[in-house]
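Structures for review follow.
Each of the two complexes below includes chain A, the first together with chain B, the second together with chain C.
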Partner chain A sequence: MARAANPHAMSPSRPGRTRTAPPQMPAQFPTQGRYLTYTLFGSTGILYLLCGFGALRAVWILGEHSPSAWQAFQREYATAPLIALHVVCFAAVIFVGVRFFSLFPKAQPAKIGPAKPPPRAILHAGLYVAWIAVSGGLALIMAGGIF
Partner chain B sequence: MRHLLLKLEPVIWLLFGQGIMIGTMLLTAYLAIVGLAIPLGIVPAEALSYDRALHLGASLIGRVVLFALIALPMWKGAHHVRHLSLDMGGLSRDVIVAPMLYGLALLGNVLALVAVVRL
Partner chain C sequence: MSEQKKTFVVTRFDPDKDEKPRQQSYEVPVQPDWKVLDALNFIKDELDGSLSHRWSCRMAVCGSCGMMVNGKPSLTCKDALSNYGDRVEVTPLANFPVVRDLVVEMDGFMEKLKSVKPWIIVAKERAVEEGTYRQSPEELEYFKQFSMCINCMLCYSACPVVGNEPEFLGPAAIALGHRYNMDTRDEGAAERNEIFRGEGTVFACSYANECSEVCPKHVDPAAAVNQSKINAVIDWATSFVVPRGGK
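Moving on, here comes the complex of A and B:
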């Protein structure tokens, strides 16, 4: 009969003679050596949350169907603190893209069913092509270049 | 709560992955044009005047893109901040931090849906 697994079910009745050291955080964590990049990558989550809610606010204001509210929103975006915040957010987005798109090909399984995934270099290049195409296309539309 | 979080882990990872992949692609354009180019005068403000912004945003594709632009980065953000909290503060406070962050992302997603529907 099925029941919840007990992770200690297989442990011996008496502890073994081999002692294990308690887990410890690496000395360089969180801001030294390679941990700095890791911590920065995690910290971009705060900026992504901010960007999500910032974009939500923009769409919400657009949905109020008030041209004056939209113009006030655009004027607010032209203030120095918001421009500075957007520079930081933009840098964070580029950082995440570069780091994730280099990680993604390495994280692929050796086989997906009977098929092998494409070589890492092709996957890597494909992600950059998609990034440039999607963001470039959307930027052109928003800037009035097309449509 | 921990059991529920473990059960939801595959869904959260899917949303987190899409948040990084699609969210990054969309946010690059949004921040470049709406956040920087128009405020700095590189692109004229008329490019996203009220009429044009509404015309673009209220189309079916526009609503889908705007929803993805808002919703997916929130999941990326929530999941990454949760793991930052795990790294810095350990597992003990995760029962509070994780539901709070995922709840925030879920609330943001519901509001995003309302926002794109009322365009």
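Moving on, here comes the complex of A and C:
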């Protein structure tokens, strides 16, 4: 059973003479078919919100500027709920990244002035190469491999 | 050819009698090569002459016969009945007010189309003696894909933003505006980009990509909308550094 859409969806600015039945959303929206992917994509906003709270919490804990504050911060981030949140966030980042990479090549304008973008396949591959390079670089920094 | 029976569950709505839409079932003897529209026409011609639905060309050119078939937007003259089982549910296009049975209100759509100024805008009309406006095949390729739209409105019925935000211009209108922005004969991109930067236009799109999935002509309106986002921003940024937007 389809949900009701906004009653003014696709209505003309001046109502016609005939009484109309109100618009319905597509029957599969929001959890069936391809809409599920879209809904999941939108739901990642909740994770951004939680991460924002996490960052504020980190600032709060580290505000003491002491070694014990750093240890307290590390202890808190080693708890099961926060590890689970980060695993979910990691999956969400990959999901959003892949989705963005599929959109990015076709969102490029056909030309900007005289310049034309490279073929979509090259743009697509380039994004993944850049992603892997940046992730690898960050992993090296965090592991103490460089700097 | 062998004959098979399918049950068609069709939405009926008579604004003079019905409080709200209802469903009515019909047993239709279908042929293997029939499209969904053939079955609807059979119902209209043989079973129930009171059924109202739009159709015209029967060759996926006019864009009249868009409906929801088993919950998905479909151009019924192109959609083979063999794709469906024994029960086929036909409802009016989602996200549109229903005028009668399977006929939806199109005026809102027409207003949105018109609002993007879908015509070639030139600062000064060229005199006939100056010759024709020339365009190379490469320049045609920039926008040809976006000019293939047949205004069937399937993209509007698939788009979740259209159903939730009435002011959203929608995929086909934005793709049409983008088509003219990409046309080398046109000089109205700045005007249209100003419209595109407004409330409920290209930036209201959250990229469900359903418009491109259901488009029967492979126009890829999602690409047009997202290219328009970038063009609108570039045009806005350019206006600060280039006098009169470079015109």
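Going forward, the second predicted complex is superposed on the first by the 112 of 147 C-alpha atoms of A that agree within 3 Å, B and C clash if a C-alpha of one lies under 4 Å from a C-alpha of the other, contacts with A are read in each partner's own complex, and residues count from 1 in each chain.
Throughout what follows, a contact is a pair of C-beta atoms (placed from the backbone, for glycine too) under 8 Å apart; a residue touches a chain by one contact, two chains touch by 3 or more.
Remember, predicted model here, so these are calculated numbers, not experimental data.
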Partner chain(s) touched by A:P30 [first = chain B, second = chain C, both, neither]: both
Per-residue touch tally on chain A - higher for chain B or for chain C: B
Which of chain B and chain C A:G42 touches, first, second, both or neither: both
First (chain B), second (chain C), both or neither touched by A:I146: neither
Which of chain B and chain C A:A121 touches, first, second, both or neither: neither
Chain B versus chain C as contact partner of A:P22, first or second or both or neither: second
First (chain B), second (chain C), both or neither touched by A:G136: first
Where chain A meets both chain C and chain B, residue numbers: 29-30, 42
Residues of chain A touching chain C in the complex: 2, 5-6, 8-13, 16, 18-30, 33-35, 38, 42, 99, 103, 106-112
Chain B to chain A touching residues, read off their complex: 19-21, 23-40, 43-48, 50-54, 56-57, 65-66, 69-74, 76-81, 83-84, 87-88, 104-105, 108, 111-112, 115-116, 118-119
Residues of chain A that touch chain B when the two form their complex: 29-30, 39, 41-53, 55-56, 58-60, 62-63, 65, 67, 70-71, 74, 77-78, 82-83, 86-87, 89-90, 93-94, 96-97, 100, 104, 130-131, 134-139, 141-144, 147
In the complex with chain A, residue positions of chain C that touch it: 13, 15, 18, 20-21, 68, 71-73, 91, 94-100, 104-105, 107-111, 142-143, 156-158, 160, 162-166, 182, 206-210, 213, 220, 222-223, 226-227, 229-231, 234
